[in-house]
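Per-chain residue numbering starts at 1, and chain names A, B, C and D are given in the order in which the chains are listed.
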Amino acid sequence: MAINTKMSEKLSMKNCSDLRLTTAAIAILALLVTAAYSQQQPCATASKFGPADQVGNVNYITPEKTLAAAKLVTKGKAYRLGIETNKNTPAFGTRTFAITVLQPGQAGGISLGPTKTTYNDDIIAGWVGIGSQIDGFGHAGIDGLYFNCNKAADFSMPDGLTKLGVENIPAIATRGILLDMAGYFNTDIVKEGTAFNRAEIEGAMKRQGIASIEKGDVVLFYSGWIKLLGKDNKRFITANPGLGREGARYLASMGVAMIGADTANFEVVPFENGAGIFEVHQILLALNGIHLLENMNTEEMARDRAWEFLFTLGPPRITGGVQAFANPIAIR
Amino acid sequence: MAINTKMSEKLSMKNCSDLRLTTAAIAILALLVTAAYSQQQPCATASKFGPADQVGNVNYITPEKTLAAAKLVTKGKAYRLGIETNKNTPAFGTRTFAITVLQPGQAGGISLGPTKTTYNDDIIAGWVGIGSQIDGFGHAGIDGLYFNCNKAADFSMPDGLTKLGVENIPAIATRGILLDMAGYFNTDIVKEGTAFNRAEIEGAMKRQGIASIEKGDVVLFYSGWIKLLGKDNKRFITANPGLGREGARYLASMGVAMIGADTANFEVVPFENGAGIFEVHQILLALNGIHLLENMNTEEMARDRAWEFLFTLGPPRITGGVQAFANPIAIR
Amino acid sequence: MAINTKMSEKLSMKNCSDLRLTTAAIAILALLVTAAYSQQQPCATASKFGPADQVGNVNYITPEKTLAAAKLVTKGKAYRLGIETNKNTPAFGTRTFAITVLQPGQAGGISLGPTKTTYNDDIIAGWVGIGSQIDGFGHAGIDGLYFNCNKAADFSMPDGLTKLGVENIPAIATRGILLDMAGYFNTDIVKEGTAFNRAEIEGAMKRQGIASIEKGDVVLFYSGWIKLLGKDNKRFITANPGLGREGARYLASMGVAMIGADTANFEVVPFENGAGIFEVHQILLALNGIHLLENMNTEEMARDRAWEFLFTLGPPRITGGVQAFANPIAIR
Amino acid sequence: MAINTKMSEKLSMKNCSDLRLTTAAIAILALLVTAAYSQQQPCATASKFGPADQVGNVNYITPEKTLAAAKLVTKGKAYRLGIETNKNTPAFGTRTFAITVLQPGQAGGISLGPTKTTYNDDIIAGWVGIGSQIDGFGHAGIDGLYFNCNKAADFSMPDGLTKLGVENIPAIATRGILLDMAGYFNTDIVKEGTAFNRAEIEGAMKRQGIASIEKGDVVLFYSGWIKLLGKDNKRFITANPGLGREGARYLASMGVAMIGADTANFEVVPFENGAGIFEVHQILLALNGIHLLENMNTEEMARDRAWEFLFTLGPPRITGGVQAFANPIAIR
């Protein structure tokens, strides 16, 4: 059996309103429950780009921005930032991945036609959140509320998101900045639990001679953590250094389009004292319309001191996708 | 039961060599069988980049090439070439696609932690050859022989290719050229079965003022066929205009890195008279080390007369993948 | 990002308890909220077989019961009750199914070893709730509460149920009864929306000469609806005749082990006036520990007037499965 | 690209016939090649039940047979023979399995309708050949030739077998026999590589007082190997005792319908001296129309000395399936 129905009332509200209290108590109750649940205009996650917006700060990537970014290409060196996705790629608890290669229509060893055509095809069955990925705005929310006032019950369908899907992400070609946190901390691999906040971000910028972070930029953090990949997968997936809450709000205040890291969790884990569970995800995805990029391999870029570059990204356009495999190309 | 074993001898050879013929007959037999089966040095699909090569003409994309291509960006307009992949995307007979969205660890409607984090994840189960894609060199072969002398029995494993997988494709940032075949034929949608060969290619170049096609270029054909997508999916998938054999060899002779089309079959279908089944795939992938791009949506580029541009591509790095979802970004 | 955390408090309760009311109001509030949420000992779905029970009325199938049922075999005719599961089997909205057949290790047309072994393998990717199936106790609950006081948050994990999974179902060999509702209503196909309640059940029993329904029996309803399968799949899946709430409670009162139907929805659809959404599922699975069998093809049995029989079932033991493909064998 | 085409000529035959030999040599060649390749009437795998047959010796299970088998039920004890299938079940190299549990339409923690219905559904993605399974006749062949003269190229399609699929298996209710090979060898776990041939089969029968094996019987071997499951999975999957070639032919000569074992490989591994790769599979499935049952947990039956019983099986009817999850119910 199965049915898709929207309940306009939440159980909790119903129970509360069922209470036989005094009139005054009921009035107070109603007020508070309303404050907790109802959504003001605009709601907490409203986009500054209007109620129809589904891409957030990506709107800041204008032709002028792209044109200026293209001028950062001075050496012609292109980097692929994606790591490999397979069954051994470190992934969260229940995430699994399988690829199957087959030869359709060739059972019995036949080939096709006069030029003896043979071919392989492939099927994948697995979680998109394995390997290098972009988190779409349907990924993290606050009690069922996602970016731009979208509620889970309205757009999160079992066969795909009906809003905020990754297929909406336009062509990305903008200025990219690499913040070398390993360099800033003068270490090979920044220790897990190290939060990158405003002081660290500004410190790294100063050290690298990056004058400013601007609207529509993509900011990538290099922490050296990616060195652990394939060497200590358990440590790699369990924790990592990464962006803290203040740092996230600071970057958001500058209007960056996307933020990436060379880690699987993206944000600092263990979480900062007092922080919620993946609260930095909430701050960026839900509250600020900023996409996240995980497992970005910036190792070679860090070695090359490639601090500013043209960043391009075209994730697969799986309709209704929450996340997408992502292999950005950075060019300088 | 199951077993993975490599047979060094093919059944046919064994039977032939078992024959109790006269010495002379055996000698002739051996000669002919050898000619048919054994692989000379180099074999028919040997790479000009050496026996270890897995990426073919992508090797032509040098830093100089990338740097020159970046200078083609003069307007800052970026195009995403990917179409959407979903269960309704027109696909070959047995290819299917499904996405599932779920909320791990939130059964019972719970949220996580003090900031009430909720989240969606997604799983895909489907054939990679649906929607916009790049064909890797493991896709098409000649009687089991694939690019650079790789035999199916040696690298085509059920859980992924052990050579020629799409994870090997490096960062692509090179010059792109759009050949407007609809413009050349002065029509909206070029008729199915229309082959693009040397005359048509040169004619389109001349009409568009494209002086030359060079080593490492990516050539995209716009035929208007993509207009049928979502409107007449049956016609879209069954046939299309596209590259012919002579045209394929002509482009190969110029050393292009990749060739794309706004169709699902890439090459002309119905096939040219006397042509093999997907022989153009064989010519490009197996014999010349040139990747193919299918379902490239160049509609807007054609409208903008964006003939030359910086072409960038970072396909998902699924280990051992035959094909890959592809959403290239073209910038001019 | 991802995390599995159990929230001990529900948001709604927290908000309610945060209210700054008068002491009296708080006291009343606390009382009512507690009544609504907390679970008494035993809870509403407690098993009569104790807190560790995971199989409900299947416990009634004792060796004596099995032995007696075996004596119902008087003709030696065995029936398979399963319909086929494939991509065309009518299924609810987002449910999909795909099978892939491949020849592992045989790419290039090789066979294995001296006897030239070749083989096929198959992979399935799809929802278990397609075709003939048994609903396990993890399928339907009441606001997150499932059979025997199990709460979703405690056992419903994304990679399988940790309790109530179908792997727990023991060998089923018991008395089966077929209630011929088409015969009772003197029609070929009972009309959709026709509820089978106590009067209809007793009427059918009387008509067929079935003296009693007993503990541990499996009761199958034949409505003729299965005749629509493959002929009018849309009608087949959208609605059907079936068990009503009173009928469900009546059968539960007799201690039946399982109930089946020749329909996809099992219970009457459209639902009875005033009924909840799939409330009969809730009554049987959650409140009474009775498994459901859907899409049971009893067409031939009805034709043969096979009213009483030995019913056997061994569903695949997928660990943590919610449902299971089911192809019971009835023998008389 | 993709196409399904049947090649009427095999490459090897074509090369052989192209040879320009002397007339005599050609004649000999033709004769030998013909002998090797062509299929006489009837072909080597022809069914004794006629050219349309798809179920082989299952045809021997008549109502008389079923009726007689039902009389073997004297205690009312039912056994489930299936082991669990999950990601940890020992399986061959590339076989994988994943289950996903989700709550469709309940994102945001909503429940459905006035009775607050909540529900779980499950999806599986994996190889059918994991855990307890029945091998259909499409599983193993001889150089592309499968049971009853079916050639792979004709029925082995990528989206399911068009003949010999497991959906064809009728209701199975027949006499089952358990051969206690551990008892025969007076050991707990029979050593890997131990072949069960005629002497061992007759010895076990004599020891257990089983007078005869008859047409339509299902014969299960208990070797104690199942004790290793979950304890030494690597040893469990790598090798095992099991049926040898002579034993297979002996059981085939008696017309058994199915043969099972408490091992994953079914037949003896390492293979007997001079045996082909899984040649016993070929002998039974392809040459004799006898289904195989793998990973049959007969541990409790052996302990109970349940030597003869009613054997019932209804595998899931996945259309075009090669194998099927199988959880037979044995009753005595």
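Here is the rule we go by: a contact is a pair of C-beta atoms (placed from the backbone, for glycine too) under 8 Å apart; a residue touches a chain by one contact, two chains touch by 3 or more.
Not measured: the values here are computed from a predicted model.
Q: More C-beta pairs touching across which pair, A-D or A-B?
A: Taking the two pairs in turn, the one with more contacts turns out to be A-B.
Q: Where the centre means the average of the CA atoms, what chain is farthest from subunit C?
A: Using the mean of the C-alpha atoms as each chain's centre, the farthest one from subunit C is B.
Q: Calculate how many whole Å lie between the centre of subunit A and the centre of subunit D, each centre taken as the average of the chain's C-alpha atoms.
A: Those two chain centres are 47 Å apart.
Q: What whole-Å value do you get for the distance between subunit A and subunit C if each is reduced to the mean of its CA atoms?
A: From the centre of subunit A to the centre of subunit C is 39 Å.
Q: As a quick test, compute the distance in whole Å between the mean CA positions of subunit A and subunit B.
A: Each chain's C-alpha centroid was found; their separation is 29 Å.
Q: For subunit B, jot down the residues that touch at least 2 other chains.
A: Residues 1-5, 10-11, 87, 94-96, 98, 100-104, 107-113, 116-121, 123, 125-126, 129, 139-140, 143-144, 152, 156-159, 277-278, 281 of subunit B each touch two or more of the other chains.
Q: So in the complex, the part of subunit A that touches subunit D is made up of which residues?
A: Listed in rising order, the residues are 1-7, 10-11, 87, 94, 96, 98, 100, 102, 104-105, 107-113, 116-117, 119, 121, 125-126, 144, 151-153, 156-158.
Q: Of all residues in subunit C, which touch subunit A in the complex?
A: Counting only subunit C, the residues touching subunit A are 1-5, 10-13, 15-16, 18-22, 25, 28-29, 32-33, 36-37, 92-96, 100-103, 106-111, 118, 120, 123, 125, 129, 135, 139-140, 143, 157-159, 265-267, 277-278, 281, 294.
Q: Can you list the residues on subunit D that touch subunit C in the complex?
A: Residues of subunit D touching subunit C: 61-68, 70, 73-87, 94-95, 98-104, 111-129, 131-132, 138-144, 152, 156-161, 167, 170-173, 275-279, 281-282, 310, 312-323, 325-331.
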